[in-house]
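Some structures to go through are shown next.
Look for chain A in each of the two complexes below; its partner is chain B in the first and chain C in the second.
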Partner chain A sequence: MSKLLEIALGLVTGIGGFLEAGSLATSAQAGAEFGYQLIWAIALGAICIAFLVEMGGRLAAVSHHPLPDAMRERFGIRFFLVPLVAVALVSFLVLASEIGGVCLALQFTTGVAFRWWALPVSAALWLFLWKGTFGLVEQGASLLGLVTLSFVVGALKLHPALHQVGAALLPSLPTHDPAKYWFMAVSILGASVSPYLFYFYSAGAVEDDWDEGYLGINRVVAGLGMTFGGAVAVAVLVCAALVLHPRGIQVDRYEQVPFLLTEPLGRWGFRLFAASLAVACFGAALEIALLLAYLVAQGFGWRWGENLRPRHAARFALVYTAALLLAGLVIVTGLDPLKLTIFSMALTALSLPVTVMPLLVLMNDPDYLGDRTNGWLSNAAVLCVSVVAAVVALVTIPLQIFGS
Partner chain B sequence: MPITVVTVTVCLLFAGCRPSATGTAERARAERHSWESTLGLLEQEAARGAVPAEFARQLRQAAEEERRKAQARREGGSEP
Partner chain C sequence: MELGREVLDQQVIDARGVPMGKVDGVILELRPGEPARVAGLIMGGTTLLWRIHAGLARWVERRLGGEGHVTRIPWHRVLKIGVDVKVDVEAQASPASHWERWVRDRIIGRIPGA
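Now for the complex of A and B:
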C-alpha cells in the first residue's frame, strides 16, 4: 500500500475516531455553560494526545513490543498491575458510556427507552469483534465516523466570530462558577487524553507489523489526525456556544444536545446528530472493548490478535466478551449516561499520571527505543498536562460531587 | 495517627464543599431557566419541523423529570 494511502487512512481514523461520547458531552456542556472560553482545553488535550499517540506508535514500530507487554517486562508484574487496573477501570467506565451513547441515539429515533437497547447493542458490538478483523474495526468504524464532520458543517453555518474562537485558544480565567469551569476543563482533558486512544493505537501498530519505515507516517498521522479530530470537538463546542449559551441552556441531559445540529441544519440536523452519536460511540466502544482485551492478554502474555480466529485466542476473546456484557449491564440499570460520561472523563484525567508515566519511562529507555527515545519537548508537554490535569481533577471532583 | 489525620482532612474537605444557601438557590434558578429555555427552543424547532414528534415527546418528559427532581431537592431542604 502506498505511503500516501496509509497516511490518508490514518487521517480518516484520526478524524472519524476522535469524537465519542466523552468529547461530545464535555464539549457540548462546556460550550453551553462557558461559550468559547474552554476551547483551549480541547486544543491542549489534542496536542497532548498527539504526542502520546506518536509515542505509542514509535514504541511499537521500533521495539515491536505492545505497550502492556513492554511495561510488564520493564517494571515487573507487581508494578504493571497498577496501570493495568487504572487503565482497565477507566476504560470500562468509558465503554459503558459509549454503549449508553449508542442506546440514547436509538432511543431518540425509536422512542424505546435506552436501557432496553443496552444488551442488543452489546451483542452487536460483540458480533462485530467476533467476526471482524482489525482493519474492519479500525478503518470501517472510522470511515463511518466521518459523519461527525456534520458538526463542522453546522458550526460553519452558524457563522462563528473566528477571531473570538482563535482568542479562546489561549487559556483564560472563568467569569463565573470557577469550580464548574475547572471541572469542565479536566473533563475535556480526560476525554481528549483517554488512555484507550494511545494504547489501542500502539496495539494496532503491532497488529499491522509496523517497523521503523513507518515512523514518518506515524508522526504525520498522530500530528494531523489528532489536530483534525480536535477540530471536530471544537466544532461541537462552537455549536453549543452559539445555540445553547445565548439562551442560558445548560446541558443536563443528552436530550438537549440534538439542538446543536437542528438549529443550523433543520430536520437533517436531527438525523445527522443521531447518526453521529450512534456511529461515533459504536466505533469507540469497539476500540475500547478491543483495548481491554489487548491490555489483559498482552500484559499476561496470552495469545492475542483481532485477526486471529477467536478459538485461536480464546482468552483474548473472553476478555472483550465479558467487558461488553458487564458494560451493557451497567446501562441496563438505567444509570444516567451523561453523568456517567462526565465523571468517567474526570476520573480519566485523575488517573493520567498512573497511565502515562510508565509510557514516558519506556519512551526514554534506549533498551527499547535505541536512538529513537523522546526529546525534552514531548516529555515536558505530556508530563505537565498529565500532572496538572490530575491535580485539578483531585480538587474539582469532590467540589462537583458535594457542591451540587 | 496518620489515619486520624486523613479522616479529619477528608471530613474538612467534604464540609468545605457543602454548597452555600445562596449558591444553591442561584443554581436552582439557573436550572429552571435552562429547562424553560430548552422547552422554548423545542417549540420553535418543532414548529418548523426540525425535530420529530417522538423526540419532542421524550424531551418534554425529560424536562418534567428534571423539574420533579429539582422540586424534590427543594422539599428535601437543600434549597431555601
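Now for the complex of A and C:
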C-alpha cells in the first residue's frame, strides 16, 4: 500500500474514531453550560492523546511487542495487575457507555426505550467481531464515522465568531460554578485521553505488522488524526454553545441533546445527529471490546488476533464475547447512559497516571526502543496532563457527587 | 543473563510459532557445593498465583488438590530468547493449551461460525 494511502486511512481513522459517546457528551455539556470557554480542554486533550498514540505506534513498530505484553514483561506480573485492572475496568464502563449511546440513537429515531435495544446492539457488535477482520473494524468503522463531520457543517452554518473560538484555546478562569467548570474540564480530558485509544492503536500496529519504516507515517497520522478528531469535538462544543447556551438549556438529560443540529441543519439535523451518535458509538464499542480481548490475551500470552477464526483464538474470542454481553446487561438495567458516560470519563481522568505511566517508562527504556526513546517534550507533556487531570478529578468528583 | 529481566514474564512461542503462554516461573536446581542452575521454565496452573499472593495460591491448591495444569519446559528445549522465548515443544500436545482447548471445545466451538 502506498504511504499516501496509509496516511489518508490513518487520518480517516483519527477523524472518524475520535468522537464517541464520551467526547460527544462532555463537549455538548461544556458548550451548553460554559459557551466556548472550555475549548482549551479539548485542545489540551487532543495534544496529549496525539503524543500517546504516537508512542503506542512507535513501541509496536520498534519493539514488535504489543503494549500489554511489554508491560507484563518489563514490570512483572504483580505490578502489571494494577494497570491491567485499571484499564479493563475503565474500558468496560466506557464500553457500556458506547452501547448506551447507540441505544439512545435508536430510541431517538424509533421511540422504543433505549434499554430494549441494549442486547440487540450487543449482539450486532459481537457479530461484527465474530465474523469480521481487523481491517473491517478499523477502516469500516472509521469510514462510517465521517458522518460525524456533520457537526463541523452544523457549527460552520451557525457562523461562530472565530476570534472568540480561537481565544478559548487558552485556558481561562470560570465566571460561575467553578466546581462544575473544573469537573467538566477533567471529563473532557478523560474523554479525549481515553486509554483505549492508544492501547487499541498499538495493538493494531502489531496486527498490521509494522516495522521502523512506519515511524514517519505513525507520526503524521497521530498528529494530524488527533488534531482533526479534536476539531470535530470542538465543533460539537460550538454547536452546543450557540444552540443550547443562549437558551439556558443545560445538558443534564439526554433527551435535550438531539436538538443540537436541528437549528443549523433543519429536519436533516435530527437524523444526522442520530446517525452520528449511533455510528460513532458503534465504532468505539467495537474497538473497546477488541481492546479488552487484546489486553487480557496479550497480558497472559494467549493466542490472539482479530484475523484468526474464533476457534483458533478461543479465549481471545471469549473475552470480547463476555465483555459485550456484560456491558449490554449494564444498559438493560435502565441506568442513564448520559450519567454513566460522564462518570466513566471522570474516572478515566482519575486513572490516567496508572494507565499512562507504565507506557512512559517503557518509552524511555532503550531495551525496547533502542535509540528511538522519547524526547523530553513528549514525556513532560503527557506527564503533566495526566497528573494534573488526576488531581483535579480527585478534587472535583466528590464535589460533583455530594454537591448535587 | 538476568533471569528476572530477560526470561520471566516473557511470551513463550512453541515450535510451530503459536503463542502458548508466558514464562510464569523459572525452575532452579540447587546443587550442594555448587551454584544453582536453571533447570527450566514453568508456566500455567497456580505458578503465577504464587508470585501474586502466596496465601491465595496455597488456598487455591488446597481447593484444587494440586497445582492445576502446569507445563514444565526443560532448559535444553529452550531454543532462543529474543523478543519472545522460542521453545521446542508443541503447544497442542502440552498442558499449556488445556484451557484454550477447553474454552474452544466447550464454549466458542459450539457457537455457529466459529
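Convention: the second predicted complex is superposed on the first by the 404 of 404 C-alpha atoms of A that agree within 3 Å, B and C clash if a C-alpha of one lies under 4 Å from a C-alpha of the other, contacts with A are read in each partner's own complex, and residues count from 1 in each chain.
By definition in this document, a residue touches a chain if its C-beta (ideal position, glycine included) is under 8 Å from a C-beta of that chain, and two chains touch if they have at least 3 such contacts.
These numbers were taken from a predicted model, which means no experiment stands behind them.
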| item | value |
| --- | --- |
| Room on chain A for both chain B and chain C (clash or fit) | fit |
| Touched partner set for A:R78, first chain B, second chain C, both or neither | second |
| Chain B versus chain C as contact partner of A:D69, first or second or both or neither | second |
| Partner chain(s) touched by A:G56 [first = chain B, second = chain C, both, neither] | neither |
| Chain A-centred angle between chain C and chain B, computed on Cα centres after superposition, in steps of 10 ° | 120 |
| Touched partner set for A:A314, first chain B, second chain C, both or neither | second |
| First (chain B), second (chain C), both or neither touched by A:W304 | second |
| Shortest CA-CA distance in Å separating chain B from chain C in the superposed model | 23 |
| Residues of chain A contacting chain B in one complex and chain C in the other | none |
| Chain B-touching residues of chain A, taken from the complex the two chains share | 107-111, 243, 247-250, 252-253, 255-256, 258-259, 262-263, 266-267, 269-270, 398-399, 401-404 |
| Residue numbers on chain C that touch chain A, as the complex places them | 4, 8-12, 18-22, 24, 43, 48, 51-52, 83, 99-101, 103-104, 107-109, 111, 113-114 |
| Complex contact set, residues of chain B against chain A | 13-14, 17-19, 23-24, 27, 30-31, 33-35, 37-38, 40-41, 45, 48-52, 54-55, 57-59, 62, 66 |
| Residues of chain A defined as touching chain C within the complex | 63-65, 69, 72-73, 76-78, 80-81, 130-131, 300-304, 309-311, 314-315, 317-318, 321 |
